[in-house]
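Take a look at these structures.
Below, chain A partners chain B and then partners chain C, in two separate complexes.
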Partner chain A sequence: MSHSRNQKWREVGVLISLIVMGLIMVSPLIWTVMLSLKSNGELLRSTTNAFHPPYTGENYAAIMANSGVFRWLLNSAFVSILQTLGVLILSSLAGYGFARLEFPYRNQLFLIVLFGLAIPEQAVIITRHQMFADLHLHNTYPGLILPGLAAPFGVFLMTQYFKAIPKELDEAAMLDNASRFKIFWKVLLPLTLPAQATLGIFTFLASWNDYWWPLISATRADMFTLTVGIASSQINFAQTSGLGYLMTQAVFASLPILIVYAIFQKYIVRAVAGAAVR
Partner chain B sequence: MLSAKAKTQFGNFLFVAPYLFVFAWLLVWPLMSGMGLSLFKADLFGGATFVGFENYARLMSDPVFLQAVGNTFLFVLLCVPPLAIIPLLLALLLNRSTRTAAFFRGVFFSSSVLSVTIVTLIWRMVLIPDGGFVANILAVFGLPPIPFFSDPGIVMGSMAIITVWWCLGLPMMLYLSALQQVPQDIYEAAALDNSRWWTTLTRITLPSISRTVVLVVIMQCVLQFQLFGQPQLITQGGPNGASRPIVLFIFEVGFRRWDIGYAAAASQILFAIILLVTLGQYLLSRKRTGDA
Partner chain C sequence: MSALDIRNVTKAYGPTTVLDDISLRAESNEFIAFLGPSGCGKTTLLRMVAGLETVDSGQIHIGGQRIDELAPGERGVAMVFQHYALYPHMTIRENMAFGLKNIKISKTEIDARIAEAARILEIEPFLDKKPGQLSGGQKQRVAIGRAIVKKPDIFLFDEPLSNLDAALRMRTRLELAQLRRRLKATMILVTHDQVEAMTLADRIVVMYGRKIQQVGTPMEIYGQPANRFVASFVGSPPMNFMPVTVTGTPSVVTLRDGTVLTTAIANLPESASWELGLRPENVRVNDTGVSAKVEFVERLGERALIYARLSDGTAITAEDVGLSRLTIGDEVHLSIDAQAAHLFDADGRGYHAEAA
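And now, the complex of A and B:
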């Protein structure tokens, strides 16, 4: 009897601590939304009334009228989608190759790729920037998309995944005299869909949120991605009279990815868990 | 003439060739040439003279760089322990298949999908002494605002708070999936023994997920040594360089002063630090868990 009572109190304690921590977690977001609904003039005087009316939609109207933000949004979407597709294609091909096919120096090459996991972006940035300048790739879409394709994580993940598929499957297909590409395309690739989802979600999130490379490569405002665009309007923060407008930018810029997150939450959680097991 | 076997092997190689080309072109080559460049005194406008290890010697006596190295280590020390512990607590509380747990998992992971520019925008208005969220709360209790960004002794702590809020989602998920791998019958046996919650935690749960704890710590160290956006956007490394990390140093030297040989040398040192710390932790953890 007393045992189950203890259990109940423990449950209540857990719930209360979750609610407290959850509130701490979301309060910065709520604060931001509240400020975005206030007029810039009022915020210039004081922010203490953020949780009391009057509210206004003027900042959102101002964002809608600012075509730059939409351009950045489209740039981000275009770059992330193409980068994700590119990573999926390259990693699947290479994963199949490393896991299943024979060619000279296969294991050595795979080891070198694995070592690539340890190379931080900052260690290559200076010379990569020069290379792209020589090739006139700065301020272009290929310039923004290409560097992300070199990340070894996808090859690592796909190789592991292909290795886990029973060999009998391709051997049976081999007897039917199917070509390597056909086996890859028709037999094995469909089986890797869960890994494709994991890799796709990770790549898309990383690409969408990347700040370091677009900051260095895209110097023209019309080639900014959303992260760099939002950063550019933040630099003059101290001088700004448009606090509400800035907060509206934060809300506006988070909405697309938060909506994607809300829709795909189940898959994202599964993707993270899936990547962890490996 | 190629033999049939050589032909097949060449065909096989074609599957990995596209990736290997991109890998060599955009990662290996820039790394190698960056190492080479670090031995030159070079600027963007042509001139490059071989100076051997002079850039490295200069770095070792450059107070700005040494301060940046110190700042970076301080930051890692401040934010990696909370990023290993808080997500573990959350995972322990949320390791159940109820709708409430699913909802809270969603809440705690939500900040992880935001970009650094949004995170800094939000947190600047939370922490700023003049009208920020925290300052407003303190004012209700008659307390003065805390100079989160302008006091050199506090600023890295502020960066750590922001970073913990931003990054705790992924370790939480890693812990959760590790907890799910712990065989249930161990717990049932413990329940029969009437083990206390704390005993169960320290004797069964933690030992079973020790590999994940190591993974989280190493991963976070690698990530947090690369701190850049938070101070670059909020403080530009100030006050008096107190929040300038190594990456911001590389950025300023390489892309503002265009002293690219010097910046390349600094980036090699960052690479070396990250490699050594990762390797050290890996070896240490293997020793402690008895080669498990």
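And now, the complex of A and C:
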């Protein structure tokens, strides 16, 4: 009896602490939403009344009126989706190759891929900028998308994942008259879906939130991604005027991510919980 | 029709030869077991027949057609893997249909074959489940079902029972034997379990050290082992071996402790040394006979195994009836059935009494 009662109290304790932690995590988001519903004039005087009416939709109206934001949103979506698809396709093919095919210098090539993990973007950004300038790729979609396709982490992840799939499955499929592509496509690839979800989600988030490269590559306002666009409409970093408008932009920018999260919640949790569950 | 003919096949991984000039023929509808310890090359040989390993030299023919250069799917073989190798993301039905779809068999034909195989193997209730929802025994049936629907010339089984627990293994073994009578196909079974080989196979191929040691019916392998390895590997508990001196024909052997036994083995060649081979069931605890001291007793219920030493220190395993009353340290008398004895020469070659 007392044992089960103890356990019940423990569960209640865990639940309460989880709720408290959840509230701490979600409070900045709620505050952002509340501030976005306030008039800029009121916020200039004080931000402490965010949780009291009156509320207004004027900031949202203003954002709808600014056509730039929609353009940036589309740019971000286009770049992020294509980059994610590209990374998934390339990493899967490369991962399959490294895990299953025998070819000369395979291990050396894989080592080179792994070295890519250790090279920070900062180290190559000037060269990359120069290269893209020479190729006239700045202010183009390829210019925004291509750099993100070099994804050593993706190749590494998919290689490890393919390696973990028993080779007996390939062999059973070979005896089942399946071609090499069919084995890849019908037998192995479906089994990598959890890894694809992990990689896809992380790639999409990183691409959506990327600020530095779009800032360098896209200099025309119509090629801005959302991150660069929003920053460009900020007057200074310690902005006190137009705070409500700024918060509205932040809400606007995070909405797609929240939607992605809501849809893929299960996979994200699994991705973060990661190898322990598998 | 679907005889398997392996001709002078050799396989090496780098400098290590794993199969050395192997030749073997399995007749149509014959059930052959490759039996041997781990690393003897039996699985490699099976995989070469399947096309999952290349053949370094030699040829493999099925039904008169050379197949060792064909793709695995084109050889007319189906394989049941040790770890089942079911496609985890497909339902059982899809697992069984996959290979048939790949060779463009009509949907109605596929459905009919799956229904037939599911009925034989009693896996109908699982057809729309995924492999992860099945137990090990059920998965094994599905793996066999996936092979059956292909209607292959030759079934290849790679240690199909080794992943099952003891009770299930025995049941599945029996089912495999019944299935075999029903299917009428050539079957090759790889196993390290001599009971599986003895109970299932028409003929056993005992392999060891890159070579085939003996090919024969289970009773030939057991009763007339070609050499010392076969004699020691087949049979549980293993055969007793003891050094002896041999005179006359039929041979009279003298054990180290002075015991003289008259065997039924005639016409022995010259050899620098001889070993006597005695299966434990031919050495019985009795009121008279060779005296020995009990070192350990294993009571198996219907019989007991007595591990003892002769007066000169030679180890010997004997059988006693039922619940033996012997305990460690007891002095016993062992009666040896010398008519059932085997002799092995210095090279390990076996000699036996002429079969009655």
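Here is the rule we go by: the second predicted complex is superposed on the first by the 237 of 278 C-alpha atoms of A that agree within 3 Å, B and C clash if a C-alpha of one lies under 4 Å from a C-alpha of the other, contacts with A are read in each partner's own complex, and residues count from 1 in each chain.
In this section, a residue touches a chain if its C-beta (ideal position, glycine included) is under 8 Å from a C-beta of that chain, and two chains touch if they have at least 3 such contacts.
Given the structure is predicted, the values throughout are model-derived calculations rather than measurements.
Asks: Using the superposition on chain A described above, determine whether A:178 touches chain B (first), chain C (second), both, or neither.
Replies: After superposition on chain A, A:178 lies in contact with chain C alone.
Asks: State whether A:80 touches chain B only (first), chain C only (second), both chains, or neither.
Replies: Once the two structures are laid over each other on A, A:80 reaches no partner at all.
Asks: In the overlay, answer first, second, both or neither for which of chain B and chain C A:246 touches.
Replies: first
Asks: For A:198, is the partner it touches chain B (first), chain C (second), both, or none of the two (neither)?
Replies: neither
Asks: If you count the residues of chain A that each partner touches, which comes out higher, chain B or chain C?
Replies: Larger number of chain A residues touched: B.
Asks: If we overlay the two complexes on their shared chain A, which of chain B and chain C does A:36 touch? Say first, second, both or neither.
Replies: After superposing on A, A:36 lies clear of both chain B and chain C.
Asks: What is the contact status of A:90 with respect to chain B (first) and chain C (second): first, second, both, or neither?
Replies: first
Asks: Touching A:59 in the superposition: chain B (first), chain C (second), both, neither?
Replies: Neither partner.
Asks: Can you list the residues of chain A that meet both chain B and chain C?
Replies: Touching chain B in the first complex and chain C in the second, no residue of chain A appears in both lists.
Asks: Which residues of chain B touch chain A in the complex?
Replies: On the chain B side, the touching residues are 9-13, 15-16, 18-20, 22-23, 25-31, 33-34, 37, 90, 93-94, 100, 104-111, 113-118, 120-126, 131-133, 136, 139, 165, 170, 173-174, 176-178, 180-181, 197, 212, 222, 225-226, 228-229, 233, 246-247, 250-251, 254-255, 260, 263-264, 267-268, 270-271, 274-275, 278.
Asks: Enumerate the contact residues on chain A facing chain B in the complex.
Replies: Residues 10, 14-15, 17-18, 21-22, 25-29, 31-32, 35, 43, 46-48, 50, 89-91, 93-94, 96-98, 101-104, 109, 112-113, 116, 118-131, 146-147, 149-150, 152, 155, 180, 184, 205, 208-212, 216, 226-228, 230-231, 234-235, 237, 243, 246-247, 249-250, 253-254, 257-258, 260-261, 265, 268-269, 272-273, 276-277 of chain A touch chain B in their complex.
Asks: Per the contact definition, I'd like the list of chain C residues that touch chain A in the complex.
Replies: Listed in rising order, the residues are 50-52, 71-74, 77-79, 81-83, 85-89, 98-99, 102-103, 146, 150.
Asks: Name, in rising order, each residue of chain A that touches chain C in their complex.
Replies: Against chain C, the touching part of chain A is residues 166, 168-169, 171-178, 182, 186-187, 190-191.
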